[in-house]
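Structures follow.
What follows is a pair of complexes built around chain A, which joins chain B in one and chain C in the other.
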Partner chain A sequence: MQAFLDIFDIYLLEAVINGILLGGVLALLALGLNLIFGVIDVTWICYAELVMIGMYAMYFMVQHYGISYFVAAPLTILLVAVLGAALHYLVIAPLLTAPPINQLLATGGVLFVLQSFATVAFGIDFRNLGIRLPVLAFGEMHFSYARLLSFLAALVGMVVVYLFMTRTFTGTAIRAISQDRQIMALMGVDTKRIYLITSALGGALAGLAACLLVLQYDVHPFVGLSFGPITFLICVLGGLGNFIGGFIAAFVFAEIISLGGLFSDLEWGYVLAFAFFIVMMFIRPAGLLARRR
Partner chain B sequence: MRVRMAARLVRGLLVAISATGLAVSAQAQEKKIKIGVVFDLTGPLAGGGSELGYIGAKIILDHFARTGVEGYKIEAVYADAQSKPDIAINESVRLLEQEKVDMVLGFFSSAQCVPVAARVEQLKKFMWMTTCISSAVFNEKGYKYVFRPQASGDQFGMMTMDFIAQNAKAKFDKEPKDLRVAIIHEDGAYGVDVSKGNEAGAKKAGFNVVMKEGYSATAPDLSALVTKLKRAKPDVIFHTGYNPDITLLLRQAREQGLKFGALMGHGAGYGVYEKLKEGMGADATYIFNTDPISIWLANQKTMDPKLPAVIKMVGEEFDKIRPGVAIRSAHVGIGASNTYVFMNDVLPRAIKKYGGVDPDALRKAALDTDIPEGGTMLGFGVKFYGEGTPMAGQNERSFPVVIQYIDDKSSVVWPKSQAQREAVLPLPKGTTYSNQ
Partner chain C sequence: MMGRGRLAAWAIGLAALVALPFVYRDPYHLHILVLILIWSFAYTSWSMMGRFGLVSLGHGGFMGIGAYVTALLWNHLGWSPWIGIPIGMVAAGVLALIVGYPCFRFRITGHYFVLVTLALSGIVLQVITATRDYTGGSLGYTPNRAPGNKLLALQFDDKITWYLIALGVWLFGIVVWHWVDRSMARYALEAISEDEDAAAAAGVDVTAEKLKITLLSAVMTALAGAIYCQYQMFITPDTVSGIAVSLQMVFAAIVGGLFVSLGPTFGAVITILLAETLRIGFGTKAVGWDNLVYGVLLVLFIIFLPKGILGSLLDRLKPQRKVPRAHEQEAVQIARPGT
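After this line comes the complex of A and B, so read on.
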């Protein structure tokens, strides 16, 4: 009984809830990447670097120019949305009919360009926004407001994207294009415009993630390396282009990391999460929520 | 006719003699040592302290480039290891084989030092490490051409444990066996090595080690580690990390309500107070760090009288590069002092006594090094463990000190012989992490 109580204590509950909150962060990151892949069928390897640029934008606006966080956040979302549209216009659009490997390499190249740009422009220093949000305490358990905000933003973002995709004409057009990009052009839909809107929307979601991550992490040119690979794995685990799949996969992944890390070494949490990913790729290669054929 | 021939002969001889003279003088002018300098100027380690070490080394190299050493010109060729061990190896080999440098100097990360040292030794070239600390670089390797004046990782780990052991009763009112300590570290060569020193020190002191765990410095989340620390309830946390993992850990520790009596850092990210302060605000106060003493804190009264002027010069040059820094990082001084030892002591001896700057001359000169305590800007002396010993190439006279950050100042608190003030221990009531 004592052994049972030793394991199932208040700290286990804290780890479970922290796993859910980490899942919120990862789900938020996966949302935009999934949208892009689902519609344009191109994986932005450089997605986390867009988030990094957004984090720098937040840092400079708030710290250097003294702009309020709440004013800086929509400006950042707008900036990264424009960056997303520019990325599509300049890099993706010319490669839409190219083999997938070329598209992948091109966005991989953008990743290095953005990292190098940030290094040259902002230096290698770690920068901190300096905003310390209060902590939510329940007895022995404490939770970060920054993480709660990310969790809520992921939830709201998910619902808004879902409603946009299902209840608006543009959203319907986006979904239709994702199902058959050739036929929609024949039916008079301006596919270029839809791609541009989708890219801007994906960029805006990266901007939203940046606004929330900057409350939790230092900004530096290589911050994307901490999130990029995990975000990509989550999208694949959930089924590339499947929003709900990505959302669930983020929480599954985060819980394995959190609980694996609690019961064993933290490193093992990540090992277990990646092992789970590999096993799932054998069992459900099209993703957690893929329909069996 | 004969006279003409004789005149031609004399002219020819004169031309030949003057040409030889010119060649000799050109050769004398061309006497130089090319030094390949490798630090991380991009990537996560750059901001974690490597760039500061590079600045310190460069200030000294620039200084000697102006004066020369024993008639030799100094030419430094800089390379960026990009925070990656493979790049560090490739750049070192490129410098040695393509740039034809006579030796390599620098290296911030232990994860780079270990493989680069093996490669440089294989090439039979000379390597002088200024900053990295892992004992694994030398342990039982028997290297002949690799030298490090810097203290080694296990010394760091032992030093902090010794400090707490000597203060356990007085400050925590606990016998060592009742003192709960946690050892956490990044899982690279540096973190693992320091943690081994921590573990050995804890065993020697008889502490109750309630947790020992490594983690990846690039992990995006450390909340599970913090939860385990909360469960383990340590009095003292011994942490070895770079940055930004240190600020991530401490931010999540604050958010999750982790409490403890003292936090002992071990160089790297803990040596860059500006970044700790930026990330943690007032919570950076009372943190301990272990590093070779900052050259600006070292006791100049017991130091070689030539050195205070050099320290002043390094400080002034650093202030020109980075104006307005509250506490000059120890990394700058480490890079500067350890480079100065080579330029001022080893290199002149290699040229004068051993006739040049080839790897064997440099090796012999390094082995002859015998600088007493107080003979370097870092306060310690330099004498390398000789060939045939387990740590051949490591400085046997180096030692780190324990400092504490209080009110935007860093002060040496241990060992007692170097202490500048009494340590504030445990964390005062009312501070964020205090378990009082």
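After this line comes the complex of A and C, so read on.
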């Protein structure tokens, strides 16, 4: 009995730590989505598909053109940032005054476009980088370096965004716009420019997530569907546009998925997370950190 | 509301539709017609709540539940689809209530509602994939061929029977649409979609009205899924559930026109013909192309023609008919850019 408990605890601890590591990347995705929502008041349904395109970019640069991972990563981030800006310029900007649901559905159309573009251009095969990072053994627990690296990189990415938002003039303007859209235009801030920068920043975060996820998962045209919905759940649970709420919610969800996966399949972890989400909607409908009215 | 002439037009059109398979028997074209009718029914079910500004991306989930529950009960327990379909519909209804109640009770609208329902269809997809021991996972699932009574198993080999079944189901959808259109619920829901607080103040039970229409819409969508499963005899999680199917519903309904009863049907005709043309034109290279065109069209439609083709056409044909209903002008969010 005692031996059983020991093993159980080790596995439990391993799952908890793996959950935290997973939470880092999810938090990064949630941050990007929240940024877009908070500033432009638009939800990019196709956010996870941007990540998918980024993963393909990484795959082709590293596998086909033999570019080193660390050179390819910034290029990918740049590419997805440009994609994000283009998405805003081509799709969102003409719809800025339209009802929010229209904007949301238009990005749904972009989701179709990106998914089928990937299917047409790259086929539906599963591809991976072929980089196998070693597994770190710590006592009797095992963690993959890929996850550890992703977690650290995600944290660094978030700190950089935080510094950008608090220390630079543009960042301050972005935060100001998210507080009051109309007034900031009167204060001499070029709203269009800020929207474009924010979209590029959101894209860059998706690009960073792509660089990290491609280390752990195979890429295929529908890979976005495996973490897209969970990202939306995280953002809603944290409160749309609420950065800190999204950060916390990402780790809560990652823990649930990881611990749920401990007792059964990983997919059941997702199901458990969804059940948790519905319960939370009854308790805190406006998000985890919402103030009580 | 419906004049003599329109009723006659409907009757003649319907008679022609019923007579069609006995005159024209090309199996391929009948197959396309059956698909159009089944999907039209699904799109009509979606638009029942979509037209009131309740944009749900969770209907792929309801459709998947209808299809899989029916097929699973038949294969594992040997329960006839005549029992399985109602159970599937009830299951979808219960899920709609579980998700809908907190949404409506706590005023989760707009972005939040879309995201929650989006997650719902994603999760149904995950559950179907996760229970691959029973459902076959992403490889798909085939209901067992019935050895004996075809009627009991709801499996027919000839297209004409299926055409008539699909026509009946589709007609049922249209009738329900008109029934809702002429009920008190419509006025309540229109009021809600314009201003929830005002509607509540005027004595509309906001939560109950929204729940009713959601329940109706979800249950009908589950029926569409089950019929689709029985007709195709093969379902995969990606063809009957998930985000792609949900978006497909929204797209077809918007292209056709949300606010007219035949709008979703029109959308189904256009989208399915488009997909088939592309499939034939490009052959096996077409994988992905149809969705690529869909996606581009969806974006263009939302930007330039948010009332849909049929909706805009009818508006153009009868400019003097009446002042467009207020909610079509602004409050139902799909309707029009620039509130």
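By our rule, the second predicted complex is superposed on the first by the 280 of 293 C-alpha atoms of A that agree within 3 Å, B and C clash if a C-alpha of one lies under 4 Å from a C-alpha of the other, contacts with A are read in each partner's own complex, and residues count from 1 in each chain.
Throughout what follows, contacts are C-beta pairs under 8 Å (C-beta built on N, C-alpha and C of every residue); 3 or more make two chains touch, one makes a residue touch a chain.
Source: prediction; values computed, not measured.
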Clash or fit, chain B versus chain C on superposed chain A: clash
Which superposed partner A:Gln216 touches (first chain B, second chain C, both, neither): first
Partner chain in contact with A:Leu262 - chain B first, chain C second, else both or neither: first
Touching partner for A:Cys235 - first (chain B), second (chain C), both, neither: second
Chain B versus chain C as contact partner of A:Asp125, first or second or both or neither: first
Which superposed partner A:Phe277 touches (first chain B, second chain C, both, neither): second
Which of chain B and chain C A:Ala106 touches, first, second, both or neither: second
A:Thr43 touches, of chain B and chain C: first, second, both or neither? second
Partner chain(s) touched by A:Ala98 [first = chain B, second = chain C, both, neither]: second
Partner chain(s) touched by A:Thr198 [first = chain B, second = chain C, both, neither]: neither
Clash with chain C, by chain B stretch, listed 56-64, 110-118 or 290-298: 110-118
Shared chain A surface residues [contacts with chain B and with chain C]: 119, 124, 221-222, 225, 230, 265, 267, 270
Residue ranges of chain B touching chain A (in the complex, touch as defined): 41-44, 46-47, 51, 83, 187, 213-216, 218-225, 227-228, 230-231, 243-244, 247-248, 251-252, 254-257, 275, 278-279, 281
Residues of chain A that touch chain C when the two form their complex: 37, 43, 45, 91, 94-95, 97-102, 104-106, 108-120, 124, 221-222, 225, 228-230, 232-233, 235-236, 240, 265, 267-268, 270-271, 274, 277-278, 281-282, 285-286
Residues of chain A defined as touching chain B within the complex: 9, 11, 14-15, 18, 21-22, 25, 119, 123-128, 130, 132, 135, 137, 140, 142-144, 146-147, 216-218, 220-222, 225-227, 230, 254, 257-262, 265-267, 269-270
Interface residues, chain C side, partner chain A - complex: 53, 55, 57, 98-99, 102-103, 106-108, 110-112, 114-116, 118-123, 125-127, 129-130, 238, 242-244, 247, 250-251, 254, 287-292, 294-299, 302-303, 306, 333-339
